[in-house]
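Pasting the structures in now, so scroll down.
In the two complexes below, chain A is the common chain; its partner is chain B in one and chain C in the other.
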Partner chain A sequence: MRESRLWLIFLLCGPLLIFLLGIHLIFMHMNTILDFFGIKTGQVLAYNSVIQRATELKWLVLYFTLLLLGLYHGLYGLRSVLLELTPREKVVNRFVLVLGLLLFFSGTYVLMKSYMIGINPS
Partner chain B sequence: MRETLIKQRYRLGTKGWFYAGRYGIERYLYIFHRISGLGIILYLSLHIILTSTRIFGQGIWVASMEMVDKPIFKFGEYLVVAAFIYHALNGLRLFFIELSFFIGKPSRQDYPYTTSVKRQRPFVYLTMIALLCLLVIMSVDFYFI
Partner chain C sequence: MPLLTFKIQRFDPEKDKEPYMQEFTFEVEKGLTILDCLNYIKENLDATLSYRASCRMGICGSCAMLINDYPRLACETQVLVLGKTLIEIKPLPNYPLVKDLIVDLTPLFAKHRAVKPYVIHPDERQPEKEFIQTNQEQTKYLQFAYCLKCGICLAACPTVATADNFLGPQALAQAYRYNSDTRDNGLKDREKIIDSSYGLWRCHMAGACAEACPKGVDPALAIQLMKKETILGKKKNIAPLALPLVGVEPRPGIPKAPERTVK
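So, the complex of A and B:
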């Protein structure tokens, strides 16, 4: 794919990530403020709560999209930084691609496995 | 010749990030944008590994959550959220500027030459005010309530 297109995807990922990661951070870390507005989040880090969310479609879609967009945006940024430090473009590209695929597939596996645990706890 | 050019291009390395020269405030915002971005991608990698412990059962999940339930990790979490707020707001500013908002229409350059940097400066200040407000709200939520 052309560099300009890769860069455009990187750029567009930004606002989308702000929205999606904003939801994630507010829900997971800003419980006092949410309580103030009457939204009860409960124990978000309790095991049952984590597994329960893993079976709900809206959270699954959110986590998968966050994983995909976050890794793309982050690793494209990392690639840009590394290319300013070394002229070895092929090495940098391969490193970023392997790291990205490793994190993406392990993240996707965890999402799928958590879903399976949630719908069939035994 | 080519090797000399390559050496010249990369000779500053990471030191080149920290010298803003005459570029002004936007250059410092760029340095923080880069540092916060690298911090967030490092955290994302660790976050994926840590949250994957849930697939090994309740015992492992509880143990890993207890491991990170310490003031030092809480402070780390605070830094990550602060880095996200900064990276998001400054990134949004860059997004609009890349799409040519807030920098005025292009026109013929006549002497004395002007720069479009000052045209977008109020947007920088607005971003910083929004950043300050969000950081205060986030700090209150993290440490004072």
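So, the complex of A and C:
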């Protein structure tokens, strides 16, 4: 793929990450502010709440999207840094791809495991 | 007349292991350029001093060197304007050193050649008439056509200093110059080369190339404009060929042009 396409995706990931991370931060870590506006969130960081959210489609989609966007944005940045240090582009691309796949599968595993625990607590 | 000291980097690959600095002190008068001073040293003080120079008027770009830690053309740098009594002269950085103040400009020309710096005709046939290009169309690329190929921009570029394979400001500015020329249809060919990780996207917009260019070319601008074009696409009008002349008679007494020798 042309470098301009890779860069454009990297660029678009930025505002999307800000938006989705904003949702995550507001609901998970700013409940005092939400309480001030009359929105009751409860004990969002309690184990039961976390497992409950893991079974809800909207949160699953949010976290899966965050995983994809975050990985692409971060690994593209890492690739740019590595290419500054070495001219071996193919080696850098393969390293970043393998690292990305490992992190993607481990992130997906966490989401799936949480979902399984959520729907079958026993 | 002020007395100035010139500290010049010397290196003879046949004799020296490392470059060293040699000092020359003499009186200079207003109006002398660094190149004049180098000529004075060569003619009167040390005939072994090596440097490259040709036109003496900022046209050929041969005498680019690092003067007081800034890449400049020696022929365009007035010695008293520098305002220093000690003037340090070194070869351009980011190039292999050949001798004294002479560097090997092969990387510059290899990168320049890589972006196909010539008009690629829209039609494979050789045009029989000239292309019609308006002044406005010419203005879009004119400043980039002033490039001397002196290599100063590559010497100033911090990215070239760390990445040998970065195409660099000179070649990228020339890619923009030909991409913006309405007589040219080589955009797709050039995009394959410049839209790569060591092309446009390696530039960090330090702007040192534009700052240092002795002809006022702004390669950083060209790179930014090409980044925009590769993302948003470039609409380009191809210049039409001039219409054949109709009803034109030569003035009496003007001889007929000879037949073309090249078919």
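By our rule, the second predicted complex is superposed on the first by the 122 of 122 C-alpha atoms of A that agree within 3 Å, B and C clash if a C-alpha of one lies under 4 Å from a C-alpha of the other, contacts with A are read in each partner's own complex, and residues count from 1 in each chain.
The working rule: a contact is a pair of C-beta atoms (placed from the backbone, for glycine too) under 8 Å apart; a residue touches a chain by one contact, two chains touch by 3 or more.
Every value quoted in this text rests on a predicted model; they were computed, and no experiment measured them.
**Student:** Among the partners chain B and chain C, which is in contact with a greater number of residues of chain A?
**Tutor:** More residues of chain A are touched by B.
**Student:** Quick one: is A:87 in contact with chain B, with chain C, with both, or with neither? Answer first, second, both or neither.
**Tutor:** So A:87 meets both chain B and chain C here.
**Student:** Quick check for you: in the superposed arrangement, does A:114 touch first (chain B), second (chain C), both or neither?
**Tutor:** In the superposition, A:114 contacts chain B only.
**Student:** A:69 in the overlay: touching chain B, chain C, both, or neither? Say first, second, both or neither.
**Tutor:** neither
**Student:** Could you look at A:96 and tell me whether it touches chain B, chain C, both or neither (first, second, both, neither)?
**Tutor:** A:96 contacts neither chain B nor chain C.
**Student:** Have a look at where A:2 lands relative to chain B and chain C in the superposition and call it first, second, both or neither.
**Tutor:** second
**Student:** Touching A:32, do we find chain B (first), chain C (second), both, or neither?
**Tutor:** It touches chain B, and chain C stays clear.
**Student:** Answer with first, second, both or neither: which of chain B and chain C does A:14 touch in the superposed model?
**Tutor:** A:14 contacts chain B only, not chain C.
**Student:** Do any residues of chain A touch both chain B and chain C, and if so, which are they?
**Tutor:** Shared contact residues on chain A: 84, 87.
**Student:** Hey, which residues of chain A end up touching chain B in the complex?
**Tutor:** Of all residues in chain A, those touching chain B are 11, 14-15, 17-18, 21-22, 25, 29-30, 32-33, 45, 47, 50-51, 54, 67, 70-71, 74-75, 77-78, 81, 84-87, 99, 103, 106-107, 110, 113-114, 117.
**Student:** Could you pull out which chain C residues touch chain A in their complex?
**Tutor:** Listed in rising order, the residues of chain C that touch chain A are 162-165, 191, 195-202, 227, 230-231.
**Student:** Which residues of chain B touch chain A once you look at their complex with the stated criterion?
**Tutor:** Answer in residue numbers: 6, 9-10, 13-14, 16, 34, 37-38, 40-41, 44-45, 48-49, 51-52, 54-55, 58, 61-62, 65, 77, 81, 84, 88, 91-92, 95, 98, 137-138, 141-142, 145.
**Student:** In the complex of these two chains, what residues of chain A are touching chain C?
**Tutor:** Its residues touching chain C are 2-4, 7-8, 83-84, 87, 89.
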